[in-house]
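Next come two complexes, and both contain chain A; in the first it sits with chain B, in the second with chain C.
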Partner chain A sequence: MTSLRTLFAKPWIWSFLAAAGVWLVTIVFTGGASAAGLSQAALTFAAFSIIVGIGQMFVITLGPGNVDLSIPATMTLAGTVALKIMDSSNGLILMGLLVTLLIGLAIGIINYALIKLLRIPPIIATLSSSFIIQSAAISYNRGLRIKPPSALAEFTTATTLGIPNLAYLALAVSVAAWVALEKGIYGRWVSAVGQNMRAARMAGVPVDGVRAATYLLCAVLAALAGLLLSCFSGGAALNMGAEYLLTSIAVVVIGGTAVAGGFANVPGIWGASLFLFLVVSMLNTYGAAAGIRLLLTGTIIIAVIIAASRRPRT
Partner chain B sequence: MTWFTADRLRLLVPALSLAVLLAAVFWVQPRAMSYTGLNLLFNLAVPIALATIAQMLIMTVNDLDLSMGTFVSFVACVTATFLQSNPVVGVLILVGCVGVYVVLGMVIYLRNLPSIVVTLGMSFVWGGLAVLLLPAPGGVAPDWIRAVMVSKPPLVPMAIIASVLIAAVAHWIVIRSAFGVVIRGVGGNERSVTRAGWSVLRARAAAYALAAVFAVLAGMCLVGLTTSADANIALRYTLLSIAGVILGGGEFVGGRVSPIGAVIGALTLTLAASFLSFLKISPDWQIGAQGAILIIVLALRLVLNRREGGAGK
Partner chain C sequence: MKHFVVMTGLTVLLTSTALAETSAKRIALSNNYAGNSWRQAMLQSWETITKPAVEAGIVAAADAFTTAENQATEQAAQIQNMILEGYDAIVVNAASPTALNGAVKEACDAGITVVSFDGIVTEPCAWRIAVDFKQMGKDQLTYLAEKLPEGGKLLEIRGLAGVFVDDEISAGIHEGVAENPQFEIVGSVHGDWAQDVAQKAVAGILPSLPEDIVGVVTQGGDGYGAAQAFAAAGRDMPLIIMGNRQDELAWWKEQKDANGYETMSVSIAPGVSTLAFWVAQQILDGQDVPKELVVPFLRIDQDGLEASLETTPAGGVANVEYSLEDAQAVIAAAK
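This part shows the complex of A and B:
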């Protein structure tokens, strides 16, 4: 009984329960026919949210006001530029990965420079930079659709042992993030900065370094997700990152990470990402119209948040 | 020297940015320096200014409304459909919206929820409702709203009068009235407000209600200008309204806001877009240049704030 109670005290349990519930309802509706297909699709699409969500999680953990709104633009720019550089050739994949990494690093540096040197609040800083990044993507690639290299396209769409490759990749990123957060000094530092920046500074935490590294990490993960998404969907599109603006924030918070910062939670991001995808596919299965789908998605998100809030005011 | 209080210095940067930008627009396009020119320049700023004030009220109590854009879009859809064809139902829906905001404000406080996530969820709800109401762009603006928005008062264009009026009313409510002091107190120090005998719950509910009223007005004005509505008509307003508040010298926490600054911020953002189209920048870089202007204005604020910090305090 006590082990059950400790399990229910975990902040991430609610997102998994919600995801499992929605999964079950969908499967029951379709008569169990689509169980494998639905699970695979959920893992594939959740992988993108998980990768960007982990970056966003570290940023949000830095404390109140920290959030990266440049994720969608970063994904778009990385996807378009990398595909153009790789030019559908398998030999240039390494080059494409390198360019993706560099784009992520550059955007991370710009974001943090705006925040630190110009003291612009992170929300506005990343918003302004996302405008510039979006423009760069538009002018670099005007609607040209270049096919991804066949090896990458195959890798992102294939499954190994019945589980999508992207899910393994997301798992690798998550494990690394979990180790860094729970066992490594970096995660301790991020949480310390998020809990109390002044106290962290006085305790000798290199606050500026930690914050800079976090914005860099977030941008690099977003760039990677952009590359994967463009390979998965067979080409980059200028609006391909758009839905990840809200998704990246939603998965972090539904997953049990504190919005006020200081407390991060990696497993919850998985639960929340699966949950968000499954809600949409459940409503699709029921044949709901676009309006109803949006309406119910919103209602369910709010309901989960209210159910998961365990600290009512007295 | 007492005239230069900290609050007024705070307004100096947004006001200067607006003046410089306006001068630049006049220099590039002298024909803008007329009654019609000014009206055209600032027309679309009126709904943005109203939405910015709404966002500012939410920010006053340390929250953030990420559903502002979808909410204004929904209101625009209601205005162009029900309010036009069946005013009683239309008014009831809009009053209901204000009620929803009151409930949101109270639930967020009582359950200690992050406002960002709740309003994120609400953005789906409003978006869904708007799509249900108007699956395709359409609807017709009620005649009386249209008449107000296109009216041509003597000497000063409607857009300018409306902006000044919005700023004055918001300034009176938030800075001068007792209610404003209480909600700014909630943002600054919740506990001290409780100790002073005020109900934080009621103050927050009222702040949300007032924000909803301003957002409803924003949607109605927008339809008055565009004559028809669409479910995605005001999606940009979420980010524009936040940027407007910050440009105007407001802050995310602490109840430090400036209604006049917020209106100036909204005008600056609108003007920036017009300025860029006058400059004939490649359309690819239009959004990027807006980002650059935002950064420049905020950098300017840093320089001036440093000077302020060195002189006073």
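This part shows the complex of A and C:
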């Protein structure tokens, strides 16, 4: 009984409950026949939201006003440039990965430079840098769709032991993030900065270093997700990251991470990412009209957030 | 013979006066969005056609402007700037059919010719080069009824929820289904006209759909994503209507060579911007142009696939650029 109570006190449990509920309702439609197919699809597509969501989670945890709006543009630029450089050749995959990494690092540096040196609020800084990044992607090859190297295309679309490879990759990223957050000094620093920046500075936390590292991390993860998505869907497109702007923030919030910063939560990102994919699938399966679909999605998200943010009195 | 020479002389005279009338005129393109391959091709076509036209002295300028945010308010401000800059005509692909009406009216009151195309405006003083989206949806069912006379279950991929174009194409599709009751739409998802969104949405609904889907009706920009989702789920490939994107055509060609896959592809050529340019030029020239014009569809069938694929740039959209004669034909057809 007490163990059950502690379980329900976890902020991430609600996103998993919601995902499981929606999953059940969806497979009931076909009498359970769609269970395997739906689970695989959900894991595949949730993987992208998880990877960008974890980056966004660290940024949001830095405290009020911290958010990275350049994620979609970063995904587009990384996908576009890496695919052009790899030129569909398996021999150039390492090169492509390196370029992806460099693009992520460069964008992270630019974002933090705008925030720190020019003292622009993060929302405005990342929004304006996203225009520049998007324009760079457009002028780089005007939306040319180059096929990914066959090995990467194969890897991103295949499954191992019935689980999509992308889900393993997302799991690896999540475990690393969880260790950094719960066991490592970096996670403590991020939380400390988010809880009270002045107190953290006085306690000797390298505040600027932590913030810079977090924006870098977020941009690198977004670039990686962009590369994976473009390999998965057979080529980069100029509008391919668009839906991850809101998704990346939504999975963080639904997952139980505090919007005001200071408290991060990695497992919740999984529950929330699966939930966001499944809720759309459920409403599509039951043939809800677009208006009702958006209305229900919004209502369910609000309900989950309310449930997750009701912290028990201790 | 003499008569002929006189006639030719007269034509030359007429043409040159026509040139003289617009050679000092300046035309601006107000575009609300550039973030996909269709819009990129649209801007490129504009440049391809207007640059020589400016060099030949047909018009004095034909500048293209795109707003950053795809917002009606931003585009309204852009149009107001164009009024101040003194353009003689504004060709506009609008972010909203109604939200720009105020700015468009201001332009008309300032004596500026406004021609809207693709994303049209409802303000009566502007010209409209509209797409018959409903017909585009209906044509898909006409084709399916020919190809699959016994009918079957269909999956519908819609565009961006809440956008007028999405409602129109979908209404046409449903009208087509009503006329061909052997077909039934068993599932409907929103693909936002983007391959990755369509792929995701279709992958989500596929597990719950019956195995015997015979066709996928689409809105363009979503066919390749749908095909990817069907392939990933290990399902039989249904007949997917394509939307003239190069990746869709390339995939269709691959399938055609491998197993004789048959479908058709229909969309609007991005070069419709050049049609709008010539229409604006004709109005400035003093020609009598009806306010409501209709854009011809660009349809690719099984036989024309190779030729279209060859002329479509990788990552682009099948395209045609319109000439002055094409514009005159469209104007004549509307009279």
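Everything below uses one rule, namely that the second predicted complex is superposed on the first by the 310 of 314 C-alpha atoms of A that agree within 3 Å, B and C clash if a C-alpha of one lies under 4 Å from a C-alpha of the other, contacts with A are read in each partner's own complex, and residues count from 1 in each chain.
Here is the rule we go by: a residue touches a chain if its C-beta (ideal position, glycine included) is under 8 Å from a C-beta of that chain, and two chains touch if they have at least 3 such contacts.
All of these numbers come straight from a predicted model, not from anything done at the bench.
J.: For the overlay on chain A, clash or fit between chain B and chain C?
T.: With chain A aligned, chain B runs into chain C, so clash.
J.: Quick one: is A:Thr30 in contact with chain B, with chain C, with both, or with neither? Answer first, second, both or neither.
T.: second
J.: When the two structures are overlaid on chain A, which partner does A:Ile123 contact: first (chain B), second (chain C), both, or neither?
T.: first
J.: With both complexes overlaid on chain A, does A:Ile185 touch chain B (first), chain C (second), both or neither?
T.: After superposition on chain A, A:Ile185 lies in contact with neither partner.
J.: So, does A:Ala290 touch the first partner chain B, the second partner chain C, both, or neither?
T.: In the superposed model, A:Ala290 contacts both chain B and chain C.
J.: Considering only the touch criterion stated at the top, classify A:Ala41 as touching first (chain B), second (chain C), both, or neither.
T.: After superposition on chain A, A:Ala41 lies in contact with chain C alone.
J.: Contact-wise, after the overlay, does A:Ala203 reach chain B, chain C, both or neither (first, second, both, neither)?
T.: In the superposition, A:Ala203 touches no partner, neither chain B nor chain C.
J.: With both complexes superposed on chain A, which partner does A:Phe277 reach: first (chain B), second (chain C), both or neither?
T.: second
J.: Can A:Glu243 be said to touch chain B (first), chain C (second), both, or neither?
T.: A:Glu243 contacts chain C only, not chain B.
J.: Between chain B (first) and chain C (second), which, if any, makes contact with A:Val175: first, second, both or neither?
T.: Touch status of A:Val175: no partner.
J.: To test your reading of the overlay: chain B has the stretches 116-124, 134-142, 152-160 or 242-250, and exactly one clashes with chain C. Name it.
T.: 134-142
J.: Taking the contacts chain A makes with chain B in one complex and with chain C in the other, which residues are shared?
T.: 131, 134, 138, 142, 290-291, 293-294
J.: With touch defined as at the start, can you tell me which chain A residues reach chain C in the complex?
T.: It is residues 26-27, 29-30, 33-38, 41-42, 44-45, 131, 134, 138, 141-146, 157, 229, 233-235, 237-240, 242-243, 277-278, 280-281, 284-285, 287, 290-291, 293-294 of chain A that touch chain C.
J.: Give every residue of chain B touching chain A within the complex, in rising order.
T.: These residues of chain B touch chain A: 66, 107, 109-114, 116-118, 120-133, 135, 239, 242-243, 246, 251-253, 282, 284-292, 294-295, 298-299, 302.
J.: What residues on chain A touch chain B, complex-wise?
T.: Within the complex, chain A contacts chain B at residues 64-65, 69, 114, 118-121, 123-125, 127-136, 138-139, 142, 246, 249-250, 253-254, 259-260, 289-299, 301-302, 305-306, 309, 311-313.
J.: Along chain C, where are the residues that touch chain A in the complex?
T.: Listed in rising order, the residues of chain C that touch chain A are 34-37, 40, 44, 68, 158, 161-162, 187-190, 192, 194-197, 199-201, 203-208, 224-225, 228, 232-233, 246-247, 313-316.
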